[in-house]
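The structures considered in this document are given below.
Each of the next two complexes has chain A plus one other chain: chain B in the first, chain C in the second.
For the complex of A and B:
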């Protein structure tokens, strides 16, 4: 294992202060060998971008638990492109919309916003880590 | 006795600044709010409802609810009142308003109008203003409480109290530590003294307004002694400003004996510390929050969690229950799901109302333990504040003497880690800087070792993670897979 650790940025977007899962995600991805920059709760799109640029992150993992995800998450992909982060992976997960909604609808909505993968509140973290590695490898091959 | 109350002229000068922070605050007078409150029937007064129910030994049921638009919010509350048989109504405030982002809230209102659905997770009361909020008050029969999570709730309080709301949740600690990232504790405590002073002013004019510090904090494995210490401090700070109707809260932990012991000691210890601070003229009630952690997605399983919470609340002699809905795992519930949670809770309350919790040796052990733990913390807080609770609180959070697990606030130490023992009691795994006695810490440790042995693993961080997700996965204690 001589490859340098992969930088990822983690945070809860908007004015959401759900902090418990965020702390668990930080511990989990660190243990999985990623270099995690955890911005914590109440993170703006600009803060996500700035951290991704500064750390040379390959992926941004956005959480939203409070229902405003639909308002808060739109436009992040466009901002990434504007900043030259064309290849960065965007993952989003949590309770992304207000009210119980079929996951397929939520997934379609956020994929249309430019998120590479969309997760519900009960997703298995080991699966997320595996998908992240696969997606990163695919990006590298494409380069 | 030293007076801590904000002098009235100082209050008025702060008030003038607060009202300027959004157009709906401009021109708002205390007299107009008072005159309106005086027109409301006693049945719409939250403080009176709490006092009467407590005297009669009835448990009141209250949901959480709030949507972006006034007509929809009214329909929602009316539905919860009729179909849900709620005794008390809420108005849950959206997350933008909680951070004083009224422009973003305005955007959310606009987007909700376009989408014909609420894109906000609550009711933006400041944007709707006094007239809008009064429409809500006039459309229902029951008293309404403002429920939120706002570090600086001064304008929100001015508007909602003037509009006829009669209870206001929160506090300078409980609405900062779990709800903010960068707000200094001294600032939120100061801003909440203003809210309490406003409530105290209404009390002086003969309008009782209920105040409810937010008991559950982060709602995740919070040991009872930590939330008790915070609740007692916030109670004292409120009483100092003239609040008289106080409801202290506790969030269900999951072990029956620990939860009943927690509710019993909460009231008892609060009376003790309020007396120590020289207060005798107040009305103290309690609220029990059904499970505040992660819920199972399966609605049948969610109902089981809801009903277990109601069971414990009855045995614990709570005065009020805050109910959850079967949609909890997915976020904000529909009005139908919300009413279902209330009706399930009602059935449990009615079936258990004449039964008593027997107590026993374990119950005595736990009540005694919580009393000693709370005294360890509060003794140190007084010591750090050289006798003053408020100064001591700010110093205690800085030192980690008060520490709330998993909280987002930078002013929280964040070193303590809780964990369940073999029977599901919440214990302390990593004490951080909590000033618990060696005897108490040994007890916690021995209980955790007992669980670890049964699970054939060392006491470790993985157990904390397992505990956090255990209920949503179908059990209380996070056993190894």
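For the complex of A and C:
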């Protein structure tokens, strides 16, 4: 029997309405062989969690483009732990903060919030997919 | 055997039935049919003329339900509807032909031997169909499970999310629902809770039927773990995130109802003699509502509220989300055809629970042309009708209390059935986030049940949701035209939908009466307006 595809959950967090990149991500990760549950735009933390639980997702990919990423994303890791999603991978990417903060600082800030990987607006999607597979494999070995 | 006396019959209806009708070109094959509803208190029935042309009601009858053996009461009703001799019993069904006095004017000669019309029946006797829902996330699979169970005609005994706790299991063992509908996880999705719940259910003493309608990847494991239980495995109610797939589980519930629940109450023998299968009463109502939306062009979108002594049921036919600028849907897209059941909203058995709900309302206790209801009078009324459900109001004050409770049932049942809007301010302006169904533009609302039938001119919707006070965030209908099933025919047309969907639907709509429009002021005497809706079903309006 074929191994079932890995479930991932995708969406644009908070009250962010940017939908173009979200559709590109859905198409890209589906093509890469993932089973994508795309929640679309304006997704609350609770919706990410509920979808991840029902679909048994191994990773949540959070997008934020409107500059309020910091306030929207804080606390998601804690909520995951509270809901029993201890091992889930959290990725975040986009225009995460307003202004010209160096990316290293942004990355450090979001990693401190519990995100496993942090990406800027111009990241290479093939790299993201490769890192996702590596991280998922590492999680599986750890189990 | 003692047979209960029938209530006085309606001679006018019988005269109407015997009146020769003018044959029309499309009237060549009129069909008679009987709809029966075996309720917990009364067994009701009606003989209809369906088929091509204008469907109509010919006769109706009711008798107290014979709870020890349900077919006896059903037989009494059938005997009356078909003008059969007093010694006739339901066991004579296979040997009986239609008397010449019934359904005359059908273009047949009276010496012809005519078979009995088809008899379709529903049952809600002995508490109806009791289902518990076990799922994963309350807002997702549990909610879908609830909607599926409701649309199958069930009354919920409990809903449980995530892992079944010891106390949840004890509650299921104690309440003993007929069916546990168990879902959770998309196909290929969550497994852990499903696996744990399988083991816990396997160890429990619950001996009803389990329907597994969760993650399909677990199905084989579930079959093994629960091999010693009565288990039915069906397709997942949510195979992919947010996608509804209710029909297989609904069908499983219907089959279990037929195979296990109707047995032992005599309904199986009645089914064998009539050659038709019983349906849970609310499922028949759900099917009727769907048939109306399918077959009556002006009724694609409407709401029906069934106001009862124990529960208030709401049925809606309307798209959940209509889009629009600055509007975003959050959570599940609810199905276009939805039923919800509120077990704490009812005029008699649930009156005290209802009063507790109403105590938190900000709508003033005003009534339409009736004296104001004081809290003391309301409390006294609630206590009386809770203890003695057969009580009828004997004074204007009690009439007012009853009207107030009825309006409260409608208000809260509709608000819970409908969705909500929440305003959100963004840098680019305000947007609205919608959850649940947007019923604001729904143009028609039907009230059915004993209370509305007895008070067809009372503007109950206006009393429930006064236009002047309607909160914008509640997605309840804004200005529906209200109708009443004043002959209380819908529960008797429901069973006929399986065979005559178009005719039953057309007759259901034709038999309604419009509630007179009121000005937005709630203090309009309910006898003052005389809006007369034209009534397409002539026999109904002049003979009953």
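Here is the rule we go by: the second predicted complex is superposed on the first by the 142 of 143 C-alpha atoms of A that agree within 3 Å, B and C clash if a C-alpha of one lies under 4 Å from a C-alpha of the other, contacts with A are read in each partner's own complex, and residues count from 1 in each chain.
As a convention for this text, contacts are C-beta pairs under 8 Å (C-beta built on N, C-alpha and C of every residue); 3 or more make two chains touch, one makes a residue touch a chain.
Bear in mind the structure is a predicted one, so any value in this text is a computation, not a measurement.
By the touch criterion defined above, A:27 lies against chain B but remains apart from chain C after alignment on the C-alpha atoms of chain A.
Contacts of A:10 after superposition on the shared chain: neither chain B nor chain C is touched. Residue contacts after overlaying the shared chain place A:88 against neither chain B nor chain C. Contact with chain B, but none with chain C, is seen for A:122 once the two complexes are overlaid on the shared chain.
By the touch criterion stated above, A:42 is placed in contact with chain B and with chain C alike. By the document's definition of touching, neither partner reaches A:73: not chain B, not chain C.
In the superposition on chain A, A:54 makes contact with chain C only, not with chain B.
Judged by the number of chain A residues each one touches, B leads among chain B and chain C. In the superposed model, A:98 lies in contact with chain B only, and not with chain C.
Shared-chain residue A:19: touches chain B; no touch with chain C.
Residues common to the contacts of chain A with chain B and with chain C across the two structures: 15, 17, 41-42, 66. The residues of chain A lying in touch with chain C in their complex are 4-5, 7, 15, 17, 35, 37, 41-42, 44, 46-47, 50-51, 53-57, 66. Those residues of chain B that touch chain A in the shared complex are 94-96, 98-99, 101, 104, 107-108, 111, 117-121, 149, 178-181, 218, 220, 294, 297, 327, 329-334, 337, 406-408, 461, 465, 468, 472. Touching chain A in their complex are the following residues of chain C: 136-137, 139-141, 184-186, 188-191, 215, 217, 238, 240-241, 328, 330-331, 424, 426-427, 431, 433. Taken in their complex, chain A has these residues touching chain B: 14-17, 19-20, 22-24, 27-28, 40-42, 65-68, 70-71, 95, 97-101, 121-122.
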